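Okay, so chain A shows up in both of these, paired with chain B first and chain C after.
Now for the complex of A and B:
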């Protein structure tokens, strides 16, 4: 008996066998060049963020902002120090009463289809953003935009609006071509959102749904010598392990917005990559513990403060987050020029915590407990969310609070609970988005207690003085006075403790070594990558 | 004529089942907490009440469940599966983009698992108590027991990091030319890890099935007769014993087409394979009802088609069924 896998069977005589042999050889040959795939002039970015579309005028969030800021130019851009820089507007002037801003546009800017960028496009874009962008407070003060000539746009305001300059950043104010978007169709579902025409440094040339999108250099970009790269490809990778391995292998050259501590530690050990924590000041991400202030016993400020005093922020940051995160102590993220350091820090003090609970009328029972509460968290980011909730369960037991950690299967489940006020405590991560008017006010204004709206004032916190301060600071044109108003606001909020601020989310941008002109401005990867280049070309 | 009648009956059953799949899935997904407006607002980093209310009106979420179901069903009957809330594209075009990737993955895994599983089972059946047979049994059980996402991660780390010879994510190398034979090879390279991950679970099942059936076949009278006639062992096994061994394998392969789709959800997520499985995953997380419902519908169609084809192949392989004998 001869075995069925005898040598005769694999003599590669039949066409099928020859095909198998050929394929094996071809695969092994092509396998030899598996290492870095990037050609000089091309950068591949790995991202888990799938854009709904590419129009940042009607969609906020990182997934859309990253491509949108490459495709569309904006009036201004920002540097690392919160200073506005010329972009489509070569100059800008704020009137003495603060109620109008005049933009002088560059004259050589054209859209990707060759049509010039004019003040009509700026006016159209600003009014479109005002009507459609999810951050409604961002341009609420805009009354109209005058266009005295093709290269001058005058933004008329109902009242002074200092947040306007930050709102003119690439991530928030992409200038749309009026000749395309002004055709009467709904801009939110406009077909051009998936085939965008902008005036930014790159144009979208290919989008394979769920796989990748390709941005190619726009030869007629209005800044001479930019962009420095020929092409940016954003590869959509859903698994974090695959993302890291792809970077390690050189399949991708950049990973933006990495926040998992273990991943950061692993990346920092890789010899061929650079990990930077610059580029997130504008986003201002804060990880916090929120209280339902209308629900007993959390309607008593002493109970909320007691929980804050029982929480060891230093332990969370040094142990649970490996020292990678910065402490957050107030509603305005560390790194912002408006951050107030002189607030109550809620240093760990179990005795004070117990006293506050006693004073609030929750003495310890015979079994040592005082109350039972639940804590929710956003699923999917264990280190920033679940681990802290689990830590709090054991930590709060020390002061007699039995905490039940309630998991949610996915984001909508968690959002449904929190936005319908069906929670006691919840972990949450919220972005400042540059100016308090854009990303901070929404959490604290009494007028923004809206059932069913996630990331509104879901704590149901209400303090008339806070409302007054936010209203005044939103219109204050003196930087010094504005800072003072926000300073008082922060002290009151921290003292009222509708939220216990824990840490700034430890975001990192990761790049292959050899890349220069890295995006380290306040908006980081959500700003034009026109200066990015290969200082040392990658291996090919 | 009998066969034609049989096919017509199968198709009629399938249509009824598909209707039930649509209604059931519609009710189940709408019972899940949260809605697409909430997810879209979440991914925007927050949105005003007006924006969220406008989103709910735009997608018809402000209507009663029954109204939404009626509207949806009346559109589906005309072939309109709606517009993806999240991806901003007609659902059918979204699915048509994703179907090829899933078919590559599922068919590659199916072929790999049937061929390798059967081969291992047949070889180990020749010496059921031998070392090879025992080894196959142990490996098969390990492959079956390991969760598919774990197997995927291990293969990803092994062949992507420790011994970096295979690509670990996506279906193509995004910076290489997307035409010609090199492109085909590129896809095959990217297919190796996900299809192997998916196949490993099923190789275990097929090898056990083939082993048991081959052991039975090798002791049957017709095999003894074939050997007595002096036929070479390859003919005895390949032509006589294997044919009978294949009957249950074909049946199971058809039935497991649905399991392969289920496994593809995890495998596609681990390896960022741009198929329907990943679309299901994304759609569930984003409460993208039209996309999810359509993907489940088309998956059901594919599974039912696979079952019908299996039934027909089964008839071709087994003459007893073809002739109506039992």
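Now for the complex of A and C:
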């Protein structure tokens, strides 16, 4: 035996040596769960979105929606073309007056604890969501839910509510087990939110707070032959570079919701990776420049229009976002069947911008400036937010507007400023969430000017005609008439310019090549991954 | 010992022909000029200062303006290229240097002002005052300076003024301890006792008798503080806590760091500028130290 390996040299006697040994063991153990886990039936998803809990009935947002839609089933699901598909409801029927919707439930659906899914659970879930979900307009029209038999639920509405169909999507209407959540405890802080029981294709079997969660196949899932995978592991990785490297090495098989242009470009060059922009039509993310319409000089529509005319959207998209983003020109996101692209009126025109400012009574002073304004932005997403704010500072100087960029050190600081109306201009990103009633109305309704609440009508925009149109469109059952009402709404908002729409956030879902049944529907990764499978299993 | 205010020294030294009158400052200056590194440092810093003061008059591009396509490499269009928005890197260096050097200088002045005040009171009076001030100094010293500065900037807003004050406020304990040590050493020496016997008050003793004699190490420390403050500003900007409305070298690095693979020039040039500036200041500090520290002074 060589002296180096003699017991004298390598016996761990001192505390320091023991520590070193302990550390080495700890490192190798923690490394173990980071090792490739891509066995045939397993997909590993890397995500920076840490869920607070798994109950999408009381929590909005992507972080909860991704696991919640795997664990809980919903009445309907959607395809790539905004067409509702049967899920827990094998059929649905809207009454002639549009004031009731009858759902016929599948008879073989059971929760993860073996109890059957009945109309009682559907009724309980709808009323729970109505009472607790942050999207208050989503189910506001629901009066009650009748349950004539265990497999029939009749949703009674106060008035016709076409948005209900999209509100029955997996991300928005998880069906909760009444026998668990109906015990009288507050659903928002219910212990079952961290140990959820649903009727979806996967069961939550392990959650290590902030590190990973494991979803395993539910054997009694009501759709035969689904899910195709045995297991989904979602690894929570906060560093974007680490995420990209994990995917490149095959430690991770999917990265949802990547939006950084440089990351997208890097991923597109990786040979074993597929990058798709499908799967975000439902969320409808719009990146925009918002104005404080109650604050001088921005209370003058001509000043707001002047800023819109001075902004070169083409430059922002092609140069600052590498051409990866789509232009957004109206309050309804591109990709929605209700989007009206014809309303765009702001092509770069510095002369027109100058004239509008002159007309509004802000002539150029001796130093060439007309006014000084500030611009805020959401910290943490430089490409979509900070860079545009800085671009605008340079760009608006050309028409005599001195823009001061106000950095916020964290999200609450920004949200506090904007929700208390302490801002001139701000960059912002807001999601449509499928139907305008769910995610668009909140930004424009006079009744939703609510100080202290972020992503309400913080622009304090108020136009009676817009309020009327949104109220009418929300209840219009004819798809054609509804589209016409929303067209007029979009035209007015673009012309009133409480917001200048810039682009659709360039989200991408990224998958290892070899995966089949990719989630390319309008809800993408925020819908059940029961069709996902390994067409070509990865080498392990 | 270089005692400037030694009362025993004859006021009019020119009456002594055998020893030509040379002020200690002049001696130090002459000594400094003999240190090649010190002279080199001073020359480089002078060039940097002149460039940032007069440069904007000759190179009229606004550092915050978008002048070309993003990530234009160094070449004819933009001598040192453009950054992620298409802003001119050379304009950023020239204008940004002004902000960076100002932050360095002002923050160093704040550091020294607070440090010397507290250190001298503490060292001169001793006793309860000393104990209290030393505790305060220790309290500030145990706070991690970068974190403390981040908290200050977060609380009071991301402006260059806040950043400068924050750097000064977190950096003074070293200067205070140094000053206190010098005062403790000097306060019981004969020339101080002599001044006190001659009727000098505490204020006079601190400012006119002890402080001038404690100055040499403080000057060296002040010089170094400029370099540290410049690095500090770079660090804060790197973490996204710079002032987005004032171009500085630190801000250039901080904002471009995500794009280092897309355009190396966006980060390398401001990085080199900070490196050169801090190196020059450090060399000057060494030179001054050699010049005014009698233990290091070469005879002849």
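FYI, the second predicted complex is superposed on the first by the 502 of 540 C-alpha atoms of A that agree within 3 Å, B and C clash if a C-alpha of one lies under 4 Å from a C-alpha of the other, contacts with A are read in each partner's own complex, and residues count from 1 in each chain.
The rule we apply is simple: a residue touches a chain if its C-beta (ideal position, glycine included) is under 8 Å from a C-beta of that chain, and two chains touch if they have at least 3 such contacts.
Nothing here was measured: the structure is a model prediction, and the numbers come from that model.
Peer 1: Fit or clash for chain B plus chain C once both are placed on chain A?
Peer 2: On the superposed model, which is not a single observed complex, chain B and chain C fit side by side.
Peer 1: Draw lines from the C-alpha centre of chain A to the C-alpha centres of chain B and chain C: what angle do they form, to the nearest 10°?
Peer 2: Nearest-10 rounding gives 40 degrees.
Peer 1: Which chain, chain B or chain C, ends up touching more residues of chain A in the combined arrangement?
Peer 2: The partner with more contacted residues on chain A is B.
Peer 1: Which partner does A:352 reach: the first (chain B), the second (chain C), both, or neither?
Peer 2: A:352 contacts neither chain B nor chain C.
Peer 1: Have a look at where A:407 lands relative to chain B and chain C in the superposition and call it first, second, both or neither.
Peer 2: So A:407 only meets chain C here.
Peer 1: State whether A:397 touches chain B only (first), chain C only (second), both chains, or neither.
Peer 2: So A:397 only meets chain C here.
Peer 1: When the two structures are overlaid on chain A, which partner does A:209 contact: first (chain B), second (chain C), both, or neither?
Peer 2: In the superposition, A:209 contacts chain B only.
Peer 1: Is A:483 touching anything from chain B or chain C once the two structures are fitted on A? First, second, both or neither.
Peer 2: A:483 contacts neither chain B nor chain C.
Peer 1: Which holds for A:228: it touches chain B only (first), chain C only (second), both, or neither?
Peer 2: Touch status of A:228: no partner.
Peer 1: Considering only C-alpha atoms, give the closest distance between chain B and chain C in the superposition, rounded to the nearest Å.
Peer 2: 7
Peer 1: Just which bits of chain A does chain B share with chain C as contact spots?
Peer 2: 410
Peer 1: Tell me, which parts of chain A touch chain B in their complex?
Peer 2: It comes out as residues 1-6, 23, 26-27, 30-31, 34-35, 37-39, 42, 44, 46, 50, 52-53, 59-61, 63, 134-136, 188-189, 193-194, 208-212, 214, 231, 233, 235-239, 241-243, 245-246, 248-249, 251, 410-413, 415-417, 419, 430-431, 433, 439, 442, 450, 452-456.
Peer 1: Considering the complex alone, what residue numbers of chain B touch chain A?
Peer 2: Where chain B meets chain A, its residues are 32-35, 38-52, 58, 83, 86-89, 94, 97-98, 122-123, 153, 156-157, 160-161, 164-176, 181-182, 185-186, 188-189, 232-234, 237-238, 269-272, 274, 278-279, 281-282, 284-287.
Peer 1: Tell me, which parts of chain C touch chain A in their complex?
Peer 2: Of all residues in chain C, those touching chain A are 62, 64-66, 69-70, 84-87, 153-154, 158, 240-241, 243-245, 255, 258-259, 261-262.
Peer 1: Can you tell me which positions in chain A touch chain C when the two form their complex?
Peer 2: Spelled out, the residues of chain A in touch with chain C are 262, 319-320, 379, 382, 386-387, 390-391, 393-395, 397, 404-405, 407, 409-410.
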